[in-house]
Every structure is written in structure tokens, then in C-alpha cells.
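Paired with chain B in one complex and with chain C in the other, chain A is shared by the two complexes that follow.
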Partner chain A sequence: MSHDAFHGRLEDDRMVTGSGTYTLDWDFPDTAHAWFVRADRAHAEIVSIDASAALAHPGVIAVLTGADLEAAGFKSLPVITMPLKPDAMKPLMPFRPCLATGKVRLAGEAVACVIAETQRIAMDASELVVVEYNELQPVVDSLDALKPGAPQLHDDVPGNLYWDYEDGDRAGTDALFARAAKIVKHDLYNHRVVGHPMEPRCCTGVYDAAKDQYFLYSPTQGPRMQASMVAKVLDVPTDKVDVVAKDTGGGFGIRSAPYPEYCVTLLASKKLGRPVRWNGTRSEVFLTDNQARDFICHGELALDDKGKFLAMRFFIVANNGAYLAPTGLLAQTRSVTSCITGVYDVPVSHARIQLVATNTAQVSAYRGAGRPIMSMLLECLVERAAIDLNMDVVEIRRKNLIRNDQYPYKLVNGTTYDCGDFEGVLDDALKAADWNGFDKRRAESARRGKLRGRALSTYIESTAAGGIPDDAQLLFEADGTISLKSSSHSHGQGHETSFAQVVAGVLGVPMNIVKLRTGEAGMRVGGGGTGGSRSMVSFGSSYLLGAREVVKKGREFAAKELEASPDDIEFDHGEYSIKGTDRRISLMDLAKKYKGSAGEPHPLNSVGSGKWGMTFPNGAHIAEVEIDAETGVTEIVSYIAVDDIGNVITHALVEGQMQGGLTQGAGQILGEHAIYDRDTGQLLTGSFMDYPMPRAGMVAGLEVLDHPVPTKLNPLGAKGVGEAGCTGALPTLANAIVDALRPVGVTHFDMPATPQRVWQAIQAAKAGNPRALQTYTLEYA
Partner chain B sequence: MAVKVSMTVNGKAVSHEVEERTLLVNYIRETLKLTGTHVGCDTAQCGACTVHMNGKAIKSCNIVAMQAEGANITTIEGVAKADGTLHPMQQAFKEHHGLQCGFCTPGMVMSAIDLVKNFPNPTEAQIREQLEGNLCRCTGYHNIVKAIKAASADKNVTVVGG
Partner chain C sequence: MYAFQYRKAKSVDDAVSALAADADAKVLGGGQSLVAALKLRLAQPSALVDLGTIGDLRYIKVGAAEVTIGAMTTHATVAASPELKKAIPALADLAGDIGDRQVRNMGTCGGSIANNDPAADYPAACQGLVATIITNKRRIAADDFFKGLYETALEAGEIITAVSFPIPKRAAYMKFKNPASRFALVGVFVAETSAGPRVAVTGAGPGVFRVKDMEQALARKFAPESVAAIKVPADDLNSDMHAQADYRAHLITVMAKRAVEKALK
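After this line comes the complex of A and B, so read on.
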């Protein structure tokens, strides 16, 4: 069904006409408005908070501080944990308050909440809240924070080290390194970025006193997942919280968990007996959304004298920010090392990752969540090896790829790849990119005064990592529609269309009677949210099973209706019939007739459920870039992505995900950069004026091709597509840029490739410094 | 200080008392309850708030409502035909999968209609350049560019409402 003509998604009509319902489009009578007073410094003790002038301001209803939350029994914002090896260090998880108490740890941290009759009154009055601070020295760089004598953020995180995580086999790796013919080393800085869904963070908190129930209207990737975390903060049972959302304006991992403000508006609503709305701004997104990346990476590769990889080892320092974000442990460790040796046949390896506290925004999962860190490190290391050993970049890869006869292929840390065709994918990409014609194109660029570079990456990532079964409910409604309910909320993926397509395909009904309703009040369904590229793999598979269950249940009723034995009934294109006869009845007619008794659930209602294993999308990407040495401007001139994402359900949506992910990766490589001032801890790139988002002109000449190798790990054979583009784009573009700069003497360049940095690197290389734009170096330890 | 503003929005005369500092986008969203126009930033960079004022695309977060006194404003809600038929630009965004989360879409559609007014048969490069003022985080723009190119061939693409 993949290449069927595409005529748009079911959700599109409302979205193109402005009738979508995003969080701030919900309108409640008698709403009060919240505005947050935020720390204007990065590290300080709070001496006192005086809200009296704000409270006296006409129209102000209340001012809440950390003390009010403590009095209400608020708990820490939660962190998702994972099973540990018995001898492993336990992560240190300091208390993360919704409003700062005692101390502020990042510029922008919420200190108080002013609630007023209008947003503008709340904004005005927030200026009248006087916070007296005792200023402390901030630390924003993770290596600085690890130094003895560095400012300490949390009393219970000595040395600012949240966690020292290890994966793989250290001793075995060291042994192989000891007898390697050649060891190649590479350092890189995977710099910090801000995720920036286009809908800023915002919410309305509504407490219903009659039901003692909290309703949070907020952007979300998974309403039940978010509700469970909010309930932990409020210290109430999960069922006491409903997260309600219809349309969510982007997520990319950073809308999966709740934010402090959400919990504060719920308490405020309870105290005031009115809905409390918070209209967050882009500036607040910059300062206090979960941010991403910020990994200092060191990789080493041991090879034999024929260029065959023997072992790899990595030492990585991750800047996790002032607090642990909910996904701040998982995405920064296990997600980084899950595909620890990539697409390469390397039996032994080891990785160590230190998670560090600094006075910066908390870091979380963001498009790729850890996997782009490893893909970038691995592919830059392999590129470095090819250069150091004077080997061809294709041949070094080809020689070391896992072969098709090696599946299932088990990595050192237990991750097991079930299937793939890495060499086939590579060959497709080489062909599509006219790999061998590059010299001609490079010469042509040179005639126009441009430096042309190109690079190839063979990446892999893991998806759908999930520890809990994902439920998919199919409910037959009185109006002749079928409702689908699950906790995986679309924030752009088009679930309304793709899940409907899966279900309608099995049931043989028109897609437009299948209605996805994921973020409604009262929905109680098990499973995680949208994240880790798992929705189609996991929820899609559960919907498929649920739909098959409907067909099975319907067979009994059809047998009754057609007066035949269930064994003689067959189902095809939405109709049951007695084999070999023309006696038939459609599923929907049956559903109308056999409704069950009033007040009871419809007898055809079904739930599909399953805990689907990790899948491994992979691909070969080839980019060519042109750099203007005079101005430092880099242009992406072509980008070929050949990806194995398993079976494709809706081609247009898959292509859209790839295009979006690739462009997000390109954004990071070409410009996006969250920079904190080392002395003051202030975010220097705090608006779209200083933070270059990818715009329409950034990526042209993009071609996305499929090379599907269906997995048997789920009934759809799908591998997940949400993040693959980003995972592939980072190393591909980074290596292409260095390739372009090498002829002018640059041997190392840390991203982003802004015109200024590229120009600087070229000038420095001319003056004899080929590594001027290298930010850090580490030693394996 | 409250002031009275009067204008025509999607063909209807409207008039309200608002605070002087009320931005046009807030007037549209909060007073008129036309929530299709979105706010994505606070520095006039993202274009999510784009509407037409006297037939030209403007960022409605970047002027106060008073500046639109007497003006003729069209928002995304006023672009399709009264019978619900989508405008060719809306139809093209849908058919070319030019939207994912949809948050940028109203502003994109409004800018795109203005774009084809100014560049009747735009090249891909022109479209990419002219979209500079609109941010989309989801699509990578590729399908938006395709949609605009396709819609530009429709002879009614510059006509809104009706």
C-alpha cells in the first residue's frame, strides 16, 4: 500500500483551515492567567521573596512561591529510571522543584507565579515581585564542572556528577587494543541545541472540585504518560489526573514530559476554583524547555594491519544541566550506547558516559535521543581512520559491515540486530549519488571558486525501546464510527491517518469512519507515549492485532446472522460470507445489529496489546556541500538518503518524517547553537535573532529512497522512521564539511558550520593552525 | 488606556474597546476568538501569526490592533470558500503533505498566497527565498515548497474567500 496516490491526511482539513485545537485554543469561562517570575541569574541563593507590591496591584489574584508548593506537598519532578547492573553506580537524582526553593540553578528558573485577571496584568505585576539573591558563581561547561573546586549545584550531587555510566566490556576491549596494529582516535563536541517545536510551551490547569480531579490541557506526546508524571508531583493517584490535548504543535521528544509550570497551574486552579492558563513565550522555550545534545565525545578504534576493526572504546561527558530532565538518564546513556558499534562487525567494545550538573537548562531526549550522538562519533571516527590509514571511505566501511549471513547479530552489550542489508543499502546510495562522478563535480565547483566536499555515513539506530505493553483500543460507537484510543499522541506524525489506515485495512471499512481520539478526558489506556520512533512499530502493531480481534469476534455474530457454522464464514473486504455462497453481511451492519445491551460496551470492542521489541532502522546517506571560502557560507547541494525502515505503511508520511528529521539535523550542523556565557551563565542565544533556525533555503536537492528489509519483530514489519533522518544527517553533513575544508588545510572542525566559524577555521589553517575550531579533547579513562 | 478599534475581518465589520498595547494577533485570537492565527515567537521571526492586511501578508504580532484601524484583514479562517471548499493553496498543502503538526500552517498558507501574488510563476529558489520569514520545524520545508509550486499553477490562487 505504500506508494498509493496520496491525497492528504485525515487531520489536514482542520489544520489548513485554522480549525485545529492547539493548547491555547481551548477557551474556558472565568479563566485566570498565570505568569512566572524567573531567575535573572544562573546560580544564587534565594534570600527572600517579597510579593506584597504584586499582590496590591489591581487585578492580581494570588502569588505562589516554592513555599506554597511545599505546603501543598509537591514532590520532585520525576526522572525515568532503568534497571542497573548490580555493581553499577546508582544515578544521583536531586530534587527538582516546580518553583525554586532555597536556590536557583539556572537563569530562567521559575521562582514565583503571579495569577491575575488577565495575562497582561500578571506580566505587569510579575515585575513587582522582589526577589533578593545571594549570588553564587555559576558553571556552565561540563569539564569545568567536574574540576575540583568547581561551584557545586546540589548538596547531594558531589562533584556535580549525576552518574558515571558504563556499558560493554572494558577489560576485553583493552586487551584487543593492546595488540592492535593501529589505533585511531577522534574527539568531537556534539554541541547544545534547543528543540523548538513551533508551539511554545503552555497550558491550562483545571481542577474539578466536585470530582476531585485535575485536568491539564497541554501540548503532549503521550497523555497518560504525562498524567502519571504530573500525578507524582502532585502526590495523587495517576487516575486523578487527565491530560487533555487535541492538536500538539510539534514535540521531538521535549514535549513528552510535564514541565514545572503545568503542575503549578493545577495547584493554582485548585486554590482559586478557576481554570488557570499559562501562555508561555518563545523566550521561555529558549530558557527553560528541555534542551538537547551537549556531549563531549572521545572515540578510539583498534584495527588490524588489514584495516579490519577489532574493538572500539568511548569516553563521553554529557552536560545534563541544572536538573535531570525526565528522560535525562535514559536518553543520555542507554540510548547513546544501544547501537554501540553501529553497523560494523566489532565484537568487543566499551563506553563510559559521565552525566554532569551545570547551571544550564536540563537536557532531554530530542530527535534521535542519544543515537545521533553515537552515530556522529562512530562515523567521524571511521572517517578519521580512513584518512589516517589512507583507505577509501567506502572500502573501509564495506570491509567492516555486518554481513547478511550474520543475523541475529549480538552486540557486546546484548543489543541484538534481527535483520538488515547494510551493503545493499550502501550500494543503492552510492549509485543514487553518482559516487564516482564526484571528482568532476568538485572540479566544476572549484571553477566557480567553491570548495566542494562530500561524505558518506552508514548509520543505524534503535527504536521502539519500550518496557511496557502498548494498548490500542477499538471501540464501536453508536453513530457508526470506530474510535481508536491509545496513549501515543500525534504531534505531527499523522496518527489519525496512519492508525486509521492500519485498522481500515484489516476491517475493510472506509478510513473516514475510523476516528483516533487519543487525548480525551477520561481515557484510560495502558502504554507509553509517542517517542523513540515507536508509534507505528508499537501502537500500529497493537492496532493491527486489535483489528484482527474484531474480525474474529465478528465471525461469531456473522455465523449467527447467516445461520452457519463459524468455520464456514470467511471475511473479505469488510464483509462476512458463507464460503462458496453469496450470503453475506458487512461488519458495520453486524455492528449496528449486535450492539449488546444498553449501557454495556459494544461486544465487538477489542484491545490489541503487545510489548514489541526494539527495531533497527539503518541507512546510507551521502551529502555534498559547497563552501564559499571568502564568506564561509556553506550550502548543501545534494543529499541522498537511502534508508531501511522496514515495511512502509504510508509513503508520504514516511518521506515527510525523513525530510523533517534530516533538516533538523542540518539545522544543528549549519547553525543552531545554544551558547551560555561562561562567566554569568546567561544564555547568549536566547531568541530566533541569535539562534539560526533552519529556514526554507537550507536544504535543497534532497532525495529520500527506501530499501526495506522488513523485521519479524512486529506484525507490521515496520522499523520506525521518526528519528532516522536526524541520526544519519549529523555525521553525514559534518564529515562533508570537513571534507570540503581539508584541501585548504583544516583537519578538524567542530560544528556548527556557521559562516563565521568556517571562515575562522580557514583563516587559522592558513596561519598554520589546522584544528583551531576544535573545542575539546579528552583521554579515554 | 482603552481605545476603540474598528476593522473588517474576513468580510465582517468588527469593533471593540481594547487596551492600547493590544497586538493585532491578540485582538484576533482573544477578542475575535479566531484561533487559527498562531503565535510562535516573541521577536517577529516565525510567521505563524501571518494574516493579510489590505491584501498583503503581515505578521500580526508585529503591529498593535490600533494600526489596523479601518483595514481589511483576512485570517486563515477567511481563505476557504464559504461552502467549505478549500482554497487552492490549502488544497495543495494537503495533497503534497506540506504540513505535519500544522502549527505553522496557517501562517505558511497566508504567506504563500501573498508569495504567488508577487511571483506569479515562482521558481523553487524564489519560493525558498520568499519563505524566509516563516519557520516550520516539522516538514523541512520540502513539501511546502512543492505545494506552493503546484498551487501557483491554479488561476484562482490569489483569490481568497468567496
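After this line comes the complex of A and C, so read on.
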């Protein structure tokens, strides 16, 4: 593997000079423009839609409603399902239309689509569409929605309960709890956030009548994955849909699946015989992009009298919103419980998660996809145990870590960790953070009038499992470059650089002749998209195998060229040579010479493929925060992240991913919060005037350290890094903030730690209420 | 945005006659509030009369006793002026912390004052420094100019041409930012002026206001402890998801104390 010094990413020049090709940079002649009429209320029956005035507006071409989609045979937007135990409840998956029919279930739901000669005309005309509603009471809080008599969203989802999911061993867990010396309980609310890719939802739908082919130009994390879902809605074979994309401006999980508007523009294009473009706004991101989190969590930990963990049990209520997002089942259940007992040696445990329908935006996978829910609940529970039992926060963890001699380590739900060095990771973090010097730093902060807190958290997550084989094609081009083709689409991670580095490392060629191509029209390469921190693990491994295959094939040609037996040929730094001689030829010269017959594929072309399984990145993070008690402002002053992500391909890109993930986690902890009005169901934080995004520099004093324990589950030995920062940051920062507030009497504090909430918590604690900022309480059931 | 006519004004008089001819026309300064409102379709003027091309509204004149700033001078220019930094560093500081770099490069002193956003920074400086707002028609004392939520003493066809700030003995501005918008949740401008100490608060109420109790306490002794125990009643303050009125009231005291500390440094 090549480990040359990092000289920036291959895609950087394009990105930083604004010459990328994002969705709306694709330009087509004769394009019509779509604009969506959206529900101005959260829950209502649609009595009528009158588009006559809009249709009469000059420049308007058409207005589509749900009835048009029904007539065209549109199916529901799909939901990804998973295998179930035979006795398990089946999830209820109500129809999710691309334009509301009969009812609107969230404020902002698309009701009609106006198509006009220009975007401005479409916007003007959309104000002329008259929708008559019969208003219904909305419900936005998941516990409210579960109450008897609550407003019902879907006829086929009684009690607003999409799914009652269980994982682990309930009876065995209860038995251990019955004989525990101590039981510790903790409640927390993992509040709702809005994912904010830089590029809002947008698309151009192009129907090619001659080929009877749909081309969707849209932001995407995986063109074929997205195409397959669009095809389900259109009710056509997957092959009839091409998703085309070059650059995608951020994804975080919420750009993995198609949105209703995308399918509508494709139908509109078919009806009108013109490309139809939709330029979505930031307001529409807020209202109807897939949102994230919103879990009410309750955890219990049973311990023996020496502080050893016996069992854990969890009851979680997840607010899934008005419809199930495509990843709304998976990310909200199995992804939460896959690493159910974290890095701890706890043989028995149980979790129950209820997925609830409310009049809010649908919730989906979002950086970490469920794992940050469990890491936060688990680590806040362990922290609570240390405080309640007066144990050292390091020792309680150390005592219960899975030891290196316990691998493979099988969890109660069958998840099996292949390797790790949890104590080694922990010790690295303690050392890097100068753990024992904290009291001095706390005293120094106090002299400046600041409350200093710190916390250690461990985390472990499962990266997205294989599912289907991920193919990696290596194609020798006539211009002397090598094309890489695969189905995972970068939304900013640096795939062009990482995959080129893997391939160039094996082939001994310059990285800049290796060109990654993913979202091209007509491209059909087997595999999934990016998501669940899987691209390097899976596609990286497939490229590695593909590159080795190239070397193997090349050996035959080299033998011919050098007139020797293939057994006598060795390959090193891009050159074949006869062992012990100076007779040699480079791979690229061979490729030029032996290009096969015209019209045939190049004989060196190769495909690597594999169904790479789950890996388990893990780490120990230590954060220190300072709180200005006078104003409630919290600042992160240092953050040490020690991570075992297996073999590191490019540390700089790993560090970039960790910075991004940690900052995204910090954003949620320090302020991001999607708040719906409980009476009206309106989103109160619908713009950046009210929704604070994390800013550069928010995570001050950040140090990212590698502690690689290579996995044998894939040939790269890599474990995945895309989400690890976020999974680690939520519990680490939350616990550090509570640690800072404990000396002023606060014992419980639900995030986000906005200045006002922190100040209120301090005032309430002074007045004798140490848990004033606790949002919910649940009982295990 | 909705469609509108766009007109470049050649002079202030030209702008005034354009406005007189069209009751639904609006003046465009730097556009950092108005253009955002237009993009969200929250405003629908028939025409915009752009003052941006009137060169003689962009200047900073530092005299012996006062600084005069042309209405179309951008925040970035105010923040970077070496003469101003010497004369009234608090004002340069304030301008340098408005919005972000893009906003500061476009947004103007006159535009901010004319708009009178309840969370804008300039109104606090105007009242804190006993400024005079100069229009095409008259001179208006800052105390008489700001009339609460987006309301000012400006009449139809009246355009701000400059603002004159007397140079104080010392001054400072402390802003507690809204965590999302970065506007002032509470901003306090304190100054020791020839007219006595001033404490002007923005962000906390429906418009900028002075805290007379604090001014009197500072007149006795210009020191942080003079204001540290003075509470502003929460009754008339703004209350929203970012800061309820009691928190805002508390922040006024904290920011006033810190502003006095800063002014004394």
C-alpha cells in the first residue's frame, strides 16, 4: 500500500474553485420549472384543490396533484425492510404518496406541483392554487401520540405505532435484574435535528421517450440505490431509471434515498416531453428533508456488589414522523441495538423500541444512524452509575471492558465483534488528555470565573454490512488513464482520492491517472451506495482485489513481452521484471501495447468484488468544556479522540471525517434543535435565524489519534470512519457538560446546552430543583 | 422574490423624486435586510431605488469633537478605518462584529439605522454616543429617532445621508449573540460622553432603549460594580425560544457590567 505524503485530495481543485458539477449545474435546453404547493398546516383532510387560476396564469404549463400520480399508477415511496424473527410484530408501513392524497400529515407536505416556463412564474402561480382543508388536531410529541384518544395519522397504523421492536433476551435480562446488588436508571432525550447538506434537495427529471428511459439528475449517495427506489414508485423495472450525478453537496444519510419531488418531476417530464427542473430552497430542507434523532430513551443497568455489570435493559420511544422514511425502520431499530452493550462485557441485555407516527417530518438515517442513540444512552447510563455508586468514571469502565482474549465476542443479539483493544484505546486517550492533571485545569478555569467539566466516553459502532456484493471495476482507457467504476457516490468524503490511493498503491502508478466515475448515465455496476461508513471498507476492499487481479493478468503479458515464464516474473512499483535481471516493462507500457482488438474491452480490465461484512470501529473520547455560569455559554476547550478504525489508508482524510463527525455531534449537543409547536404542529425552527448550525472552530483543542487494530474481515483491514466522530461526540460532550454543572447543583440536564437552557438549569438548581431541564421520564416496560 | 422595477439613483434628490413618484417603491441601501426579505417573498415593493451608486454618501470624516459617517459607508469600511479606530474604537469594534464578512462588505451604516431592526447594533451606538442622524431634510437626535420595532422618525421621502457621532471619553459595546442568527440577543453600548454616561440596549426589547438607573449609577462612579446589581424589569422585554424575558433581563446586567469593564481597559 502506498503511504506517500498527503498532497491534498484529487477533487480539491474542483471543489475550492467552484467548478464542481452539482445537480443544478446540469443544463438542458427547453427545461420547464417545477414549484411545489405545500401544506400550510400539519394535519388536515384535503377537501378540494382548485388549480384553475394557476393554470390560467401566463407561462404556466401544467399543475399536477395526487390524483394525477394515482392515475399514472404511482406506488408508495419505499421503505427498506429487514428480516424478522418469526414471532416478531411486523412493521406497519402506510402508503407514502409523492403528492398528498386525501390528507396532509405534516406542515410542508407537497400537495401540488406547478410547472411553468420559469421558476418565478411557477412560484407566482403556486400562490394561486387554492387548497381547501378540513383541519384536524395535530400531534407532534411521540408520547402524546401514543396516548389513547390521540389524533390518528394513518387508518392502517392504529395507535400511531408503526412498530414495536424488540432485541435481545427479555426474560434472561429480567432474571439478572432480579438478583442484582444495584440497579441504576437513566432517562434522556436525544432531541430532533435537521440534517443540512450544503446542497438543498433539487433535481432535473428527464424522460427520453425514444428509449422509454427516465433520467434523474439529483444529489445522491448511491445512484443505483436511488434509481431502484424511484423505479418502485414509478412501477417500472429498475433498469428503466438512471440517476445521474457528479458532485453531491453533502449527504449525511439524508441524500441516500429519493424524495417525493424527484419522482414528480420525472412524471412531469414524461407528460410534457421536456426536462423538468426543481430548485428546492433551504426552507424546504427544514420542512421536508428527512430529519434525525428524536428518541426518548430510558436505560437500566444491573450491577453486582463489586461494580461489575450484569445486564442492561432499554426502553426507547422513537418519533418517526408522519411517514416512514426509506431508512426509517432500519436506522431507528437494528442500527440502534446492533452494538447493544457497547464495549462492555455484558452477556445478557434487552431493548425495546417503539416507532411512533406524529405530524412531523419523517426521520431517517443521519450520521451514525441509530448508533449515536445507543452510545449516548449507554455512556450516560454508565456515567450515572459511577456517580450514583461513587465509583471512579474510568475504573467503572475499565472493570467492565471486553478483554482482548475474549474475541470473537458475541453479543446477546448475535452481533459478533471480531477484534479490538478497548483498554489500549482507553489508556491512549487518558494519557493524551492528561487525565490526572484535570484538577489543576479546573482550578485555573475557576480563577477565570468558569465552570470546567470533563468526561470520558467509549463508543463502538457497526458499519453497514455487505448485504449485496460491492463491485469495483478497473478499466484501462485509450488515453492512458485507469477508470474506476462503482456504485457508491461521494458526497464530499474524498472517494476520488481514497480509491485512487488504494489502486495506485497496488499498481504502482501515479494517483492522478486513476479516475473515479460513479453516477454516469447508463452505468450499471453492482453494489450499494455510501452510508453506514461503508465505502472504504467495502469498495476500498473490492478495488484492492480488483487491482491485484490486474497485476495477475499483467503478469501473463509481461511474460510474453519479456520472453520468460510467468513464474519468473515479479511485480514491484509498477514494473514487471524477470527475477534477478534488469529486463523490465512497466504496467502502463504493457497496457498500451496489449490493448486487445478494437471494440473489445481492454484485456487488463478487472473487477474486484465482495460482500464485506460489518466492522466495529470504536474509540475513547475525552472532552473538556468551560461554562460561563453568568451567561450559560458553553465552550469546548479540548477534545481528544482516540479511535480504532482498523488500518488507516490516509490519515488526513480520517482526520477530516473525525473533525466533521465530531463537529456535527457538537452541533447537536450545543444547540441544533428542531422544535415543533405542540398545538399547531408548525416547525418553529424553520430557518438559520432560529436553528444554530455548528461553526468552524466549535470543537477547540481537537486531537485525533489512531489506534489501529486491523480487522481480518476485509483485505484492507479497515473498519470505517465516516460516522465514528458523531457517535463518540454525543455522550462525551453531554457528560462533560453535566460534569461542569454538577458542582453548582445540577444533576440532570437534557441537551441541547444552549446558553439559555444552561442558565435556566443553574438557576433552577440554586432554587432546589437539580433536574429542571429533564424533558421526559419513562419506565422500562 | 416577486418581480420589481430597479432604479439606480443618481443623487439623493433623484432618489427622493423616484420615491415621490411611486408610493410602493423602497430605498435600497446595502440590501442585507431588504434583499433577504425579498428572497423569502416577505416584501413586495413595486420598485427599488438603489443608493449604492451615489458616491458622496460613502465617507468617514473624523473631526476634533465628532466623527461623521456617510450613510452608504459599509460596516467593513467603518471597522477598518484607522482614524475611527483611534477616535471611537468601540464603534469600529461594533461595526466589525455585525453579521459576517459578506454582510459587512455590503451592509451600510445608514441602512441599519433606517431599518431599525430591534436586534441591530448601530441603534445602540447611536443612543450610546448621543449621535445625530442627518437626513436630506433635517438633523434628528438619536433619542428622538428610534421609535420601537422597525419604526423611526423618518418621514416619507426622507433619506438618511449621514450620522454624526460625538467622540466620547470612553466607550465599549458588548454583544451577546443569538446562537443561531448571531444578531444581538442583548447588546449593551456604554459610553462616558460630554452629556454624561450612557447605557443603550439593543436586542432585548422591541427597540433600542436606555437604562437610566445604570446611567445615574455610572455618573456617580464609572465602574463595573456600579451596574452589577441593577436589574432591568423583564416585563417589557422580548421573549422567544432563545431567551425568555427573565434571561434577557439578566443578560443586560451582565453585558453592561462587562461593557464598563471593557471601556475602562
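Quick notes
By definition in this document, the second predicted complex is superposed on the first by the 776 of 781 C-alpha atoms of A that agree within 3 Å, B and C clash if a C-alpha of one lies under 4 Å from a C-alpha of the other, contacts with A are read in each partner's own complex, and residues count from 1 in each chain.
Quick note on the criterion: a residue touches a chain if its C-beta (ideal position, glycine included) is under 8 Å from a C-beta of that chain, and two chains touch if they have at least 3 such contacts.
Predicted, not measured: the structure shown is a model, and the values here were computed from it.
Of the two partner chains placed by superposition, only chain C is touched by A:Pro755; chain B is not.
When the two structures are aligned on the shared chain, A:Leu653 is found in touch with chain B, with no touch to chain C. When the two structures are aligned on the shared chain, A:Ser19 is found in touch with chain B, with no touch to chain C. In the superposed model, A:Gln493 makes contact with chain B only, not with chain C.
In the superposition on chain A, contact is made by A:His196 with chain B only, not with chain C. Touch criterion not met for A:Phe95: it reaches neither chain B nor chain C. When the two complexes are overlaid on their common chain A, residue A:Thr685 makes contact with chain C while staying clear of chain B.
With both complexes placed on chain A, chain A has more residues touched by B than by the other of chain B and chain C.
Touching of chain A by both chain B and chain C, each in its own complex, is seen for residues 120, 283, 688-689, 693.
Taken together, the chain A residues at the contact with chain C in this complex read 120, 123-124, 283, 630-632, 670-671, 675, 684-685, 688-693, 754-756, 759-760. Chain A contributes residues 6-9, 11-13, 15-22, 24-25, 27, 120, 196-200, 247-252, 281-283, 491-494, 652-653, 655-656, 659-664, 687-689, 693-700, 702 to its touches with chain B in the complex.
Interface residues of chain C, counted against chain A in their complex, comprise 1-3, 40-41, 176, 178-181, 183, 241-244, 247, 250-251, 254. Chain B contributes residues 19, 21, 29, 33-43, 45-46, 48, 75-77, 79-80, 86, 90-91, 93-95, 97, 99-106, 109, 124, 127-129, 131-132, 134-145 to its touches with chain A in the complex.
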